[in-house]
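Look for subunit A in each of the two complexes below; its partner is subunit B in the first and subunit C in the second.
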Partner chain A sequence: MTQEEFLLRLQEEVQLDRPLNPDEMLCDIQEWDSLAMLGTLSVFDEIGASIEIDELEECVSIKDILQKAGFES
Partner chain B sequence: MSRISFKDIAITAITTTLGSNIIALEDEKERFGFDDEGFARLQRSIGLQTRYVADQGVCTSDLCVQSAQDIFNNTSTKKEEIDALLFVTQSPDYKAPSSAIIMQERLGLPKTCAAFDINLGCSGFVYGLFTAFSYVNSGMKKVLLCVGDVNSYFAGERDRIFTPLMGDAGSAIIIERKEGAKSFFSLYSDGSGYKHLIIPSGGARNPTTQESLIQKLREDGGIRRDEDLFMDGKEVFNFAIKTVPPLLHEIVEFAGMNNEDINYFVLHQANPYILKTIATRLKVPKEKVPLQTAQVYGNQNAASIPGTINGFLHEEFSTKKLTLAVAGFGIGLSWGGAVLETDAIYAPKSKLYTKEPL
Partner chain C sequence: MNLKDFDIELTPLTHQDIETVRTWRNSDTIKRYALDQEHIKQEQQERWFATLATKEDEYFLIHAKNKPVGLIWYNKQNEVYESGFYLYDTDIQNSLMPYKIVSIFHHYLFETKGFKKIQCKILHDNKRAVRFNLSLGFKEVMRFERYTTYILTYDAYKKADATITKLLLREKK
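On to the complex of A and B.
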């Protein structure tokens, strides 16, 4: 899965009707809540990069999530 | 616990009785205070549709008595063959005595039948099954295991965090000698997480007070009393996805099998989201992991594994020899897994509760 594809899946799971930007802060995304976090975990599972909720909670931006998923951005 | 295996013991009947009110979550939006957008998001994420809820005044024991009577009416099992009745529930008829003892009399079981309750929730089917297998292994002829809950006993009526997930059901299971059948069990508990799923008040530690009976808006957005069940969803999800995949790997390996040998992984039906995540981590085909029970019936607590068999796999279980892996996980925290072999058994489609005897 490419970074673009990962971001698209993330967008679906967070249930946003607009693309996600790597520079976005999670606290600025109204839809970023526990359901969105669960969805994000499942996207990680899809790429075989399982993480736990505690690790996801450490992320403050989309860029942090991308890094946890092994993307450079 | 060390891993335990049994030979020549098996389940021969499973029945489930459902609360008779079928409630669409859509119709409960207002009660739980969901706005349209929030509700649509919840439905897209978790996919909850309906839940089966018992009438006010109907107890879990009523559902289980109907399930057990169904078995006595439709199989060769005789009441006088039952040496023990185990009732796994968190919603007993009374604080004391054990409801199982009252059920002994209601079902017309012999006085030689041992009867008692086991206080467990979502892990309770596996714990109860292990106890029943142990009793048959020690010489009892047949054990009647009853499991389930009527959630209004402890679910806040306006708690949007917990209550929309829950459904009412009571199952009955017969465990007896069956030549050639093998089974494997592994049970765990971790009391350090007891606060993640708890009814804080109403017991000896925090007795009932006027304060504990007041409905309050809580930090998580749920409205409940201190005598209603609190669930920390994040912690419970974390616990489930961390413990259940390794548990299933362990038990399948202990059975000397691999995932291909297992026809179905029937897991506690917490919600489809948790099950989807566990299935992905198990790396087994999704069709081997039924996950729709909570969407259709609601989370049936200790009855959710038998409830899934009677709800969605009844034809398979009624006609085929199967190898299944089961896992329960939840309040305590406690969790347990088993690999079981069943021949074609009595496993009819789940039935609605009816006040009239079957």
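On to the complex of A and C.
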């Protein structure tokens, strides 16, 4: 999966009607809630990337999530 | 009976907890999304707590990392079990903790208590709660002026819980 495809999947799980920007802070995304986090975990599972719940909860930006997924943003 | 799993513990509400709970309940963050917007006075809280002894209702204080962070409950209304919860700690709202909390509680309701279905009521503008409860398997059943009633059946709970638990119990690859 490419970074663009990953961001699209993330956008779907967060239920956003606009593309995600790698530079965005999670606290600025109103839809970033526990449901979005659960969906993000499932996207990680889809691509076979490893992330623990604590690691995801420590992420503060989309860039952090991309890096955890192994993408250079 | 304490309910415990993940790093969460649910302890039965005691009299020494009720003033904390009243403070939470009267805060703007919590009251904003409550069906009853009334400010609760201390004597009202005392009377309410006294009635719990005569009812089938159960209220639990939610503890995360050894700190009380919210309240979760079920009560019986017109032969239907209704559940609800709120988290006073807003940082926790944007973590996976809500799923852990509800997973423990729903397991208690459906597997230990043997409930066949539970109901909840959500204000229309509480979009976060609507999203969250739909992801738990709740289905919309009746829309009123200010809120909608949702029902979670045992089958829907099992299906959603399987997915949620699998994600929450992930092991590092």
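In this text, the second predicted complex is superposed on the first by the 73 of 73 C-alpha atoms of A that agree within 3 Å, B and C clash if a C-alpha of one lies under 4 Å from a C-alpha of the other, contacts with A are read in each partner's own complex, and residues count from 1 in each chain.
Note that in this section a contact is a pair of C-beta atoms (placed from the backbone, for glycine too) under 8 Å apart; a residue touches a chain by one contact, two chains touch by 3 or more.
Everything numeric here is computed off the predicted structure, so don't read it as measured data.
When both complexes are overlaid on chain A, the residue A:E46 reaches subunit B alone and has no touch with subunit C. Looking at the shared chain after the overlay, A:W32 reaches subunit C, while subunit B stays out of its contact range.
Once the two complexes are laid over each other on the shared chain, residue contacts for A:D23 go to neither subunit B nor subunit C.
In the superposition on chain A, contact is made by A:Q15 with both subunit B and subunit C.
Note: residues 15, 34-35, 37-38, 41-42, 45, 50, 52-53 of subunit A belong to the subunit B contact set and to the subunit C contact set alike, using the contact criterion stated above. On subunit C, the positions that touch subunit A within their shared complex are 93-99, 128, 131-132, 135, 164, 167-168, 170, 172-173. Residues 15, 31, 34-35, 37-39, 41-42, 45-46, 50, 52-54 of subunit A touch subunit B in their complex.
Only residues 41-42, 44-46, 233-234, 237-238, 241-242, 273, 276-277, 280-281 of subunit B touch subunit A when the two sit together in their complex.
If you check the complex, the residues on subunit A that touch subunit C are 15, 26, 32-35, 37-38, 41-42, 45, 48, 50, 52-53, 56-57.
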